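The following pair of complexes shares a single chain, chain A, combined with chain B in the former and chain C in the latter.
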Partner chain A sequence: MKDGLDLRHDVQDAQLVDRRHENIGRCDALLLELRENAPPRIAAMLIGGPARSERIGRWMTALRRLVPGHTRAPEGGVSRIPFAAVRSIGNTIELDVLRDDLPSEHLEQWLARNVICRIPGAESKKESKS
Partner chain B sequence: MSREVALHHLLGRAVLDPHGRKVGRVEELRAEIELHEHGNDYVVTEFHIGSFGAVESLAGPYFARMLLHHLGRLVPYRGHVIPWNRMDLRDPRHPRTLDTLEQLRAEQDRA
Partner chain C sequence: MKKWGEIGLGVVTSIGGFLEVGSIATSVQGGANFGFRLAWALALGTICLAILMEMTGRLAAVSGRSYVDLLREHMGIRFFIIPLVAVIVPSFLVLVSEIGGVAIGLQMATGIAFRWWAIPIALVGWALLWRGTFSLVEQGTALLGLVSIVFLVGALKLHPQWSAVGAGLLPTAPSHDGAKYWYLAVSILGASISPYLYLFYSAGALEDDWNIEYLAVNRVTAGVGNLFGGGLALMVLVCAAVVFLPRHIEVDAYEQIALVLATPLGRTGFALFLITLCITCFGATVEISLSGAYLFAQGFGWPWSENLRPSQDSRFATTYSLLILLASVPIAFGADPLKLTNISMVLSAASLPVTVIPLLALMNDRRVMTSHANGWLGNTALVLISLLALVLFVAAIPLQILGGG
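Here is the complex of A and B:
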């Protein structure tokens, strides 16, 4: 792992992969813990549409609320991953998590179940993959 | 007591000195690994403050300076590296340095 990090350049918006090297999105927000008489600590990273839309603006947050499935998403569809779960930082950031366990994958899974699988031919693709 | 702030809420914020004069905008935060008994943490060691703010965020200081020169504006670039213990983040929306603008400039000239 690198000794020094430029947080905006190296971490924010960096591509994240899980322990199986599957893409799990980008680092949409980075949370810093401000402490008394100690340097700010990198506490966690957030992945998911709501974290990204908050960066863009209120109008984007409002627009996002219109997406079906949004209200049923666990933890608001945001994955909070402690920075201690970072395994390595390079061109991508490898995290010690599994993609399927992340709440931010809820919308993608919902789309796969309710939209993609209903497209003719999608089911056979799925079968041939497995 | 500790609290959390998102990095994107700090980036681009105007930083003032103790007299209320603008030093620049937060452009980058440098973090380094800190080893302790219970494991490792990344902690912020430096705040990079610059006069080009958002432009540098997009393109880097060299490109930003060149761009402004080509636009016909003679704007000297001023960048400061502030150690974490010289920044006052009690109100993260209004970050302040503990050093005055003169002290920071003297430090920059020495470097």
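Here is the complex of A and C:
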């Protein structure tokens, strides 16, 4: 029965993971590419706060602008991943990328570097799950 | 064999996790004002919570995903933002109240004003989250929380008229103070059916690596655990009814609440009350902080697990750290813990529809639940809980204004 992708059900808002199966956010928006003499196709997935805010509404985008430091993130903190990078679609969507390379991971990396790792015990916790 | 051990542990966790600042305070106020007549609200709340926990647990065991994760994926970000705000705001206030509960317990034990305890409590809780694993956080506090069985001992020693307690399990219209009666009924329901509890439970199922073989464990944990937990809360109400109602004492401070055990059990009872208050509220403090972090991490797709090193899930670790530390601030400034508790229970009740109603769609989605989707019985129960949630949504805040304070 399943001979195609239901974009809204299977792709939009889905949990995305990288090559190592680590969580890298959700599919916050989909970009369509309009081509001449050919049907439109999905060009890319967007991950990151700004892409998400636009879908929520203008008030959220306005609210977001009030947060300091949002401009410092590379690419405005949005990862734009070509749809060709999709490796598999199931419970999660696996993408052929690495977490550390993504602009949308800017906050995660910044917090890890400047806050979390400066607190004793951030690296040494117990038996690790993975 | 291993399964039975897990069932035992799960049941103990639910019992130990049931009582906290909200259920203690609202049960005591219910008993003090209306004797055993509000026992039905406690029973109803317990049944609803058990059903919601069974379903969110089943959802996680079958799909390998948490309720929040599925909520975001199926409803989309535009909808998800509503439960996100509707859960985090009351949960934060409940968190403040829990820290207040521990602080009041320590004030009564030491004589040092509660506001000085707020930040130390938050730091100890934070250290546990920072260093501990999921099972330590969940089971450690719950095992210690079993001390709350003392309420059963207290109730037995007070020799209540058990037939009257039984009669209270059936709802009756109040003979006096209608607004206050319904306000307390809503507070008791809000304290029992806390969104943070079932969101925590569904995330916990994944932390413990549940799969489809755990459906029986899930059913027993949610059912039996909550039955005993709700039973203990009922004992709190019974103690309060016997101690306060004949003396016409209006409970408006936690210091008075200690009488529910000091009357039947003397100095030991007083001490055990303080220990129970501190332990159960502390347990809830760490669970709510974690629950809030799960909510954000799963909703936005961040890496998350209490079993990871904080450096591996820095946004998740930052979220629980901020929640627990910020929640200590109002208490440190001297906010009244009992007033806060009452307000947060009512807000919590009002927030229920946005997390209860979407569950109806997910539990019937066979792409998610395969052959373990809800049957007619489960759906009927969930529809009834959704209706109750809508009634609470409409009535909670007006009743707070009319009957509270």
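Everything that follows uses one rule, which is that the second predicted complex is superposed on the first by the 109 of 130 C-alpha atoms of A that agree within 3 Å, B and C clash if a C-alpha of one lies under 4 Å from a C-alpha of the other, contacts with A are read in each partner's own complex, and residues count from 1 in each chain.
Just so we're on the same page, contacts are C-beta pairs under 8 Å (C-beta built on N, C-alpha and C of every residue); 3 or more make two chains touch, one makes a residue touch a chain.
Every value quoted in this text rests on a predicted model; they were computed, and no experiment measured them.
A.B. asks: Is A:41 contacted by the first partner chain B, the second partner chain C, both or neither?
C.D. replies: After superposing on A, A:41 lies in contact with chain B but is clear of chain C.
A.B. asks: Regarding the shared-chain residue A:22, is it in contact with chain B (first), chain C (second), both, or neither?
C.D. replies: second
A.B. asks: Would you check which partner chain A:30 touches, where first means chain B only, second means chain C only, and both and neither mean what they say?
C.D. replies: first
A.B. asks: After the superposition on A, what does A:101 contact: first (chain B), second (chain C), both or neither?
C.D. replies: A:101 sits against neither chain B nor chain C.
A.B. asks: Quick check on the superposed pair: does A:7 touch chain B, chain C, both, or neither? Answer first, second, both or neither.
C.D. replies: The answer is first: A:7 touches chain B but not chain C.
A.B. asks: Between chain B (first) and chain C (second), which, if any, makes contact with A:55: first, second, both or neither?
C.D. replies: both
A.B. asks: Per the overlay, which chain contacts more chain A residues, chain B or chain C?
C.D. replies: It is C that touches the greater number of chain A residues.
A.B. asks: Could you pull out which residues of chain A sit against chain B in one structure and against chain C in the other?
C.D. replies: In the superposed arrangement, which is not itself an observed complex, chain A uses residues 8-9, 12, 55 for both chain B and chain C.
A.B. asks: For chain C, which residues count as touching chain A in their complex?
C.D. replies: 63-65, 69, 72-74, 76-78, 80-81, 130-133, 300-305, 307-312, 314-315, 317-318
A.B. asks: Can you name the residues of chain A that touch chain B in the complex?
C.D. replies: 1, 3-9, 11-12, 29-36, 38-43, 46, 55, 83-84
A.B. asks: Under the touch definition given earlier, write down the residues of chain B that touch chain A in their complex.
C.D. replies: Chain B residues touching chain A: 1-8, 10-11, 27-34, 39-45, 57, 84-85, 89, 92.
A.B. asks: Looking at the complex, which residues from chain A come into contact with chain C?
C.D. replies: Touching chain C from chain A are residues 8-9, 12-16, 22-26, 28, 47, 52, 55-57, 60, 91, 107-109, 111-112, 115-117, 119, 121-130.
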